[in-house]
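Letters are used for the chains, namely A, B, C and D, taken in the order the chains are written, and counting of residues starts over at 1 for each.
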Amino acid sequence: MSAGSRTTILGLIGDTSVIDEEMLESLEFVESVKRIQEPYKNANRKFHPKDTVIDVGGVKIGGGNFAVIAGPCSVESKEQLCTVAEAVKASGAGLMRGGAFKPRTSPYAFQGLRGDGIELLLEAKKETGLPIVTEIMDISHLPLFENVDVIQVGARNMQNFELLKQLGKTDKPVLLKRGLANTLQELLMSAEYIMAGGNEKVILCERGIRTFETATRNTLDLSAVPLLKSMTHLPIIVDPSHATGIARLVKPMAVAATAAGADGLIIEVHNDPPHAACDGAQSLTPEAFDELMKSVGKIRNCLEEG
Amino acid sequence: MSAGSRTTILGLIGDTSVIDEEMLESLEFVESVKRIQEPYKNANRKFHPKDTVIDVGGVKIGGGNFAVIAGPCSVESKEQLCTVAEAVKASGAGLMRGGAFKPRTSPYAFQGLRGDGIELLLEAKKETGLPIVTEIMDISHLPLFENVDVIQVGARNMQNFELLKQLGKTDKPVLLKRGLANTLQELLMSAEYIMAGGNEKVILCERGIRTFETATRNTLDLSAVPLLKSMTHLPIIVDPSHATGIARLVKPMAVAATAAGADGLIIEVHNDPPHAACDGAQSLTPEAFDELMKSVGKIRNCLEEG
Amino acid sequence: MSAGSRTTILGLIGDTSVIDEEMLESLEFVESVKRIQEPYKNANRKFHPKDTVIDVGGVKIGGGNFAVIAGPCSVESKEQLCTVAEAVKASGAGLMRGGAFKPRTSPYAFQGLRGDGIELLLEAKKETGLPIVTEIMDISHLPLFENVDVIQVGARNMQNFELLKQLGKTDKPVLLKRGLANTLQELLMSAEYIMAGGNEKVILCERGIRTFETATRNTLDLSAVPLLKSMTHLPIIVDPSHATGIARLVKPMAVAATAAGADGLIIEVHNDPPHAACDGAQSLTPEAFDELMKSVGKIRNCLEEG
Amino acid sequence: MSAGSRTTILGLIGDTSVIDEEMLESLEFVESVKRIQEPYKNANRKFHPKDTVIDVGGVKIGGGNFAVIAGPCSVESKEQLCTVAEAVKASGAGLMRGGAFKPRTSPYAFQGLRGDGIELLLEAKKETGLPIVTEIMDISHLPLFENVDVIQVGARNMQNFELLKQLGKTDKPVLLKRGLANTLQELLMSAEYIMAGGNEKVILCERGIRTFETATRNTLDLSAVPLLKSMTHLPIIVDPSHATGIARLVKPMAVAATAAGADGLIIEVHNDPPHAACDGAQSLTPEAFDELMKSVGKIRNCLEEG
């Protein structure tokens, strides 16, 4: 306790992660409450200094293992999926992405093939061998994700706490995207929701935040990568496609994210971007993706030598 | 079509709400796409010039009818609910609020009494006669809301599209809160999700957006009130408690919201703020709420005369 | 001093406004520094509980005195100024505004009549008797402001510290606008720059901050009004014209600002908005201004009775 | 002209950079104005496809030439400057930075050695041969900058248009930092102010924008680098020190900026960070800077091979 002439500072000692700051702040004689200890435990690097490595069907993410997830924004057909999957696999992608359930601002926009889309992803997985990553939008769809390799929680659902709790009860790796208006601490608190349920396989994803700048869809916050690495032991990947919304910015931002120390990337690739069912403006062709992978590979080599 | 020396402008004519701007933008020869017609129809005042009035057990909201929803942040006990409900009713509140399912940033914070909380709300409704407003966090809980009068969709779920779709199939009034990083157009698109399902009873709620300013919990955007009134026929209420997060700012912001033309308010009131299970710092005592209602009443009278 | 198992809290006692937090934070053994005492003194209500009242040629602002400043965005001609000034005076405005030096994003846009504009303002003042408020953009223009009644510092110059220092050496009232990305504390620190030089006549102005929302030019932060009133004794006025950028939102936001407790308003009025040299889209006609003043007057009466 | 049932689109053809959108928008029959042509000319890559290369005493920036500017936040003594300058030169920096005039939020914080600081910088330049970069805060100080090599305009002065105009009349390279709440287009419009005066030597600098995230001082927007490169021919450098405000994030962000295609970096280096007169928390030691330069050099080699 330190007593000044106008203010007295009280220090609370011990495990304070269960203390509700707001309740303290509402006491009449308390002017403000400053938290010293982080409110997350399972995700906290202080208590788990070693990097978490997540194994998805043999593909490792984290702890020095770099993984690239690539594929179309939304699943359209088996042919489309297999064409893209073979191409991205040849360029070095380790996992395939594809949206079956699509969160769209408008109820009149294409909502995804939903259950059928997941079927197509599983067929493509059989043919190409690439593990699949796809987004869940509601708990009730969980049974459809039984054979999915990584369940993605989109930015708009980062604080869908009921969904996070249910995913905490599964043993599937969860790709948790940062919300458009969420701080890094809130991202870790959402990871904590999943981990508190017993599922420690959380992959964090920086995908841009919403700011006043309208030249890009969102503002990619790459400082999140080294900062999260100091806060948590969980792997951190970057999504330059949704962050920028502009195909020609995807490669430079993928390369920058790699240089910043990301554990992987998630990239939208479409065999025919102008005819993509969604997000064509930010999708790469397989050729552009191949170039991106070559540049990323060089940066990775360069970092490893250093 | 207008052809300049470097650029040609093409105008699309007809119903363009179903057109995907992104797809057009991804075409190689298109530099940019500018939408002229709004992408919402059911919520659009242009097509429905008359104000929507929503009737909740005899309490009307919209079209000149002003309604105040008040009650504790979270349901704690029947006694607490009834004490607060009787007090706010005496001061002129038309509906009672109380959180049974509580979205909390931390998995270690109090998560609400959940199903039991809804039971307590229904008991309090029986005693006081006040219709109840309470938040839903997941579709699977919908059966518990059968006797709830207004279902609230919280800011974090404003773009939980699967939830919105299901609420569109009910006939219950939905109180839809603006997300922390969502534009007014996106708020209307989320209302459109509910209305497209057949449920036209949507009450919009401005509750502050997230900005760089840290002196208040959020930044209350009161210009949203007159702007939404020009864009849509749906009623718009304001939540100064969550917007500011500071009890002493609630009254001035409630009064300002009323003056700006809001159709109602939603206010946190607790009989013992320092011992509230959550959000004590922003809760009013019943006495402070009574003062607020008197000021709001004066402003209402003054606006009606004018 | 409070010693926990992992962290020790040190409390600094005494006048800490001169302590540099960053320097402390850079010490290796310091994890973080939390300031308890506000870093502003002259502007702090704790040390000066009584409202400051600023007298401008007999028109008082602050301490219960409500003042309205009105006029065109930019000075165009003496005729224009006098027409508008007579009209706004008849409606109850106490001061006239008009831009002589105009900050414009583009070097190709109209930059104001500059020195000649100030001459025209002074002539209009002679004819109408209304004290004048006009913006300074550079210290070197200060001699031109000798007969100006209130010197305005625009949002873009809120942290032009050299300008603030010079204004601190004058004895003219300064209307200090909040910057587009500045916190309330930073606004008070800029007021402190002026006051530290000996000039205590600072009028604060909330005029909207920049957020992700694009439906309005800026987001008017009305919670700034009651919050600033608790932090400082200086008067606070609101500029709904620049905040919204949309003429039809000016009246509802002016009324709301009044209801929130503002000490005054600054409103753009033009006799012919579509032909205004700038900001026509947000300017009111004299008729619309008259209506606004009637509504504002009613709210003022209503607040005073309460 | 395209006429729909509710809306008619008019396309303006020719040089529209001088057209005031706001004036058009204020016309009663105009619903909205969408600009197709960029409002900047001199800075526009469309009209000047070739990269601008700026030569500062033999050190080139832009067009494939990568330059690093390093030095202390503020000038403290000749000894300090020379120690740091020799160290950063040995590590490969091409220019030396040091603040003589310091913009500080508080009037009570150290304001810089001002004129004396510039003298010290010039002495250090003599000893080390490194060209110097230092910030101007007011036009009236311009004579003191006669022998300065690059004049820096800080973020808070990015829209100090009178200052920009005067710098447009000099022939000195100007390092123009992006404002905390300014879009890339506004940054280019400010460059246009300088260029319209005849001075084409503008170096743009991304240094972070203000967002809701408080974990870093600002949010570094690295997508600005490739985006500005497509919009303009001017060189773009990055300031990871001010963007993050945290020393341990400077190296990863410097490396990422290099990978994103930046033309250079500006880095704070201090021989004794904990005793720096300002910004100690974000300053690197000369040893840490040397490591940074090695990593940056590897990335540069890697990019050049590619």
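As a convention for this text, contacts are C-beta pairs under 8 Å (C-beta built on N, C-alpha and C of every residue); 3 or more make two chains touch, one makes a residue touch a chain.
All figures in this text were calculated on a predicted structure; none of them were measured in a lab.
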| item | value |
| --- | --- |
| Other chains in touch with both subunit C and subunit D | A, B |
| Pair of chains joined by more contacts [C-beta pairs], A-C or B-C | B-C |
| Classification of the subunit A:subunit D interface as same or different, half of numbers criterion | same |
| Far-end chain from subunit C, centres as C-alpha averages | A |
| Whole-Å separation of chain centres (CA-atom averages), subunit A against subunit B | 29 |
| Centroid distance [mean C-alpha coordinates] between subunit C and subunit B, Å | 31 |
| Intercentroid distance (Cα basis), subunit C paired with subunit A, Å | 42 |
| Shared interface positions of subunit D, touching two or more other chains | 181, 210-212, 214 |
| Residues on subunit C engaged by subunit B in the complex (per definition of touch) | 181, 183-185, 209, 211-216, 219-223, 225-227, 230, 243-244, 246, 248-249, 252-253, 255-261, 294-295, 298-299, 301-302, 305-306 |
| Complex contacts: residues of subunit C adjacent to subunit A | 1-7, 9-11, 13-14, 31-32, 34, 36-37, 210-212, 214 |
| Residues on subunit D engaged by subunit C in the complex (per definition of touch) | 17-18, 20, 22-23, 25-28, 39-40, 101, 103-111, 137-140, 156-157, 159-163, 165, 179-181, 186, 189, 192-193, 196, 210, 247, 273-276, 278-281, 283 |
